[in-house]
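Each of the next two complexes has subunit A plus one more chain, namely subunit B in the first and subunit C in the second.
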Partner chain A sequence: MTVAPARSLGPTESAALAELLLTLADDEFILGFWDSEWTGIAPILEEDVAMSSISQDEIGHARAWYELLAQLTADDADRIAFGRAPDEYRHAALLNHARGDWAHTVARRLLYETADAVRLESLTGSSYAPVAELAAKMRREETYHLLHWNAWLRQLTAAGGEARDRLVAALALRWSDAQSIFAPLAGEGILRAGGILPEAMAALQKRWHERLGQWLSAAGLSLPGPATDPPQPSTAGRTGRTPDFAWLHSEFTLVARSEEGATW
Partner chain B sequence: MADHGLPLDRVWEVFRQEAQGDPMVHGGSVRAPDAELATHYAREFFGRRQESERLWVIPRDAILELDDPDLLKPPFDRSFKRPGGYVLKHKLEAARGRAGTPPARGSDEGVE
Partner chain C sequence: MVTSPSAPVVDPRLATIWSALGEVPDPEIPAISVVDLGVIGDARFEPIEAGERLVVDLMPTFVGCPATEVMRDQVGERLRTLQIADEVEVRVSFSPPWTSDRITPAGREALRGSGFAPPSGVALSFAPGDLLTMLPSAICPYCGSRNTTLENPFGPTLCRSIHHCADCRQPFEAFKPV
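Showing the complex of A and B:
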């Protein structure tokens, strides 16, 4: 992929950017893998195709971020994607859990896509051109994802009964882990100083609560947790791993592990 | 498929245009509970590989169907309503000459 020429970075700035890119890539990669598990078993055939396609979109976005990271660190995108131990992944804690039922999947998607939209929107203003450019490109596709999950939010709430109850319960269950999308980065100060990260993670988190609150209230729901005193994400939000994730990791590295170093 | 109370059986017909200027051609149908999801599914079925320039998504129950053989296949000879035997070529040339437009690309030979 061709990206805009990047301005030169010092070693500390480069390391901080690498951390940011890894979080962006891993989020999309892991979510894409979890939801690809709906292929063949989604509620209706049409949704089966849509979910599989949307999951492929996320893997495509992950690939773009991994490639940018590989350029920066003189590494290989496939090696980064498939060649790490489970504890080396940096996705948000929200993505540590198995796909669950359909309501759980819709709830997680809503939490994630609304947060990702806020994050991408902000990154289009990044001083590092390749990041700004990729974020702008992804936003075009993510806008459709957002509409799709909002349509499902309306379906499940309008249906009422068990559908609505399950959705509400899943949103509440994952609310705390969802905050980890905006967990502060170790190199956040450096990224902010150089304008690579136009806004602090905490500011993005606040904007996300406002947006999500509007979406939920349009469907007759409210934020699963207090908006004024949101759960504080910790850096551990992107390092803690679960047995669910260990299983997924063994699945998605299966082929790569079958012949290490092979060219695919 | 589980019955979860949604009207899943609403059918939408999808027409697609492959390139700018092409006619809209029926691509197939999707099931969806509402118009918005119908457009999402149409996009996934007929546009996710960037194969469509434009889609039309129409609820099947909005389509007026005409299949009465008395209207479409009347029992009398209607061959005189077909354009066969009526050669347009020279009339077209004359009309183009009057309008000052160059002959159309390709050949008019087949135009009757």
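Showing the complex of A and C:
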């Protein structure tokens, strides 16, 4: 897949952009893989279809980001997606955990999708056209995800009892790791200076807290943890990896590892 | 015949190209052509060392649409049979993004005729409060009733939602507004 030619970048700017693209791609890729595990075993049949479709969206978005990255670094998108060791992945710490029960999945999705929406909205203003264009396209698709997770938030909270309790507990459990979506990037200063990243990660994190707070408040909940100003980054960030992720990595690299150079 | 709004027909070969592309069906809903689906963007000739390259932009309906590569191959294959340029390149493009507004009136009729409700003309809203009202009732493609309900905004492919008609009791699919 190719995209329109973009303005040329210097080596430092190019390296900083590569770091950003890798975080965007890995987030969507890993979340898409975790949640594709619900195919066939989601709580109801309609959810089976929805979750499969949503996961397919995420894998598709990951592929588009990987391909953009591959063009930038003269690499191969499949190699980047499947050819790295576990500690070379740069997804947010929130995505280090197994899918858990349905409440955990809904909680993680609420945290991630609302954060991703803020991030994509900002990236539509990127000075690097291919990033701005992809973000604009993905944002339209992700609107359906927001619709879906907002519906589950309302369902589980309106049901009360165990459904509400489990959701609240899962939100609290993952609140700290969710901050890692906006972990500062090593090349953030360079990306900000060139307008590739229109806003600082900390500014996006603050806006996410406000938006998520509105969602939760409409469902009778409050933010699961403190929203300090300035926001505190997660200590786990984007480099700490877990046994859960090591297991997932061995799963999604299985085909690529068993037949080197295979195409599918 | 449909022409690209961004490419007025100045080169007579472009008319041949658009006409040929009008015969390439969508791989998942063959009743509609890729032109009527609105996924063909600009078509132009670029000079290359060995003569001329025909470049056609293909705009995926969804970023993750698995039919994109099939479409690209079929569009490229059809254009190569025209022997109209030394090289043919089908370039996947998100600039501008495909939106459901790009489906032509003929395309909307073709969808309806195959049992798919065409996308409603609603503008996408990104405000959480508006999300639940974003998908108004689709019109039943079988009996024309508006007495329908949304069963699932996610259907068998990324671009389709599932609905039910309370009047003729038929489940049906709609193209999502996006």
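Definition applied: the second predicted complex is superposed on the first by the 256 of 264 C-alpha atoms of A that agree within 3 Å, B and C clash if a C-alpha of one lies under 4 Å from a C-alpha of the other, contacts with A are read in each partner's own complex, and residues count from 1 in each chain.
In this section, a contact is a pair of C-beta atoms (placed from the backbone, for glycine too) under 8 Å apart; a residue touches a chain by one contact, two chains touch by 3 or more.
A quick note: this is a predicted structure, and the numbers were derived from the prediction, not measured.
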Mind checking the superposed model to see whether subunit B and subunit C fit together on subunit A or clash? clash
Could you look at A:V49 and tell me whether it touches subunit B, subunit C, both or neither (first, second, both, neither)? both
Across subunit A, the partner (subunit B or subunit C) reaching more residues is C
Classify the contacts of A:A159 with the two partner chains as first (subunit B alone), second (subunit C alone), both, or neither. first
Counting only touches as set out at the top, which of subunit B and subunit C does A:W215 meet: first, second, both, neither? second
Tell me the contact category for A:A129 with respect to subunit B and subunit C: first, second, both or neither. second
Classify the contacts of A:G60 with the two partner chains as first (subunit B alone), second (subunit C alone), both, or neither. second
If we overlay the two complexes on their shared chain A, which of subunit B and subunit C does A:L110 touch? Say first, second, both or neither. neither
Touching partner for A:E121 - first (subunit B), second (subunit C), both, neither: second
Quick one: classify A:Y144 as touching subunit B (first), subunit C (second), both or neither. both
Subunit A contact set shared between subunit B and subunit C covers 46, 49-50, 53, 144, 147-148, 151
Which part of subunit C faces subunit A closely enough to touch in the complex? 62-66, 68, 91-99, 124-126, 128-129, 131-132, 134-135, 151-156, 158, 162, 176, 178
Using the touch definition from the top, list the residues of subunit A that touch subunit C in their complex. 1-4, 46, 49-50, 52-54, 56-61, 63-64, 117, 121, 129-130, 133-134, 136-141, 143-144, 146-148, 150-151, 211, 214-215, 218
So in the complex, which bits of subunit A are touching subunit B? 43-47, 49-50, 53, 144, 147-148, 151, 155, 159, 161-163
Seen from subunit B, its contact residues with subunit A in the complex are 1-2, 4-6, 8, 30-34, 36-37, 40-41, 43-45, 48
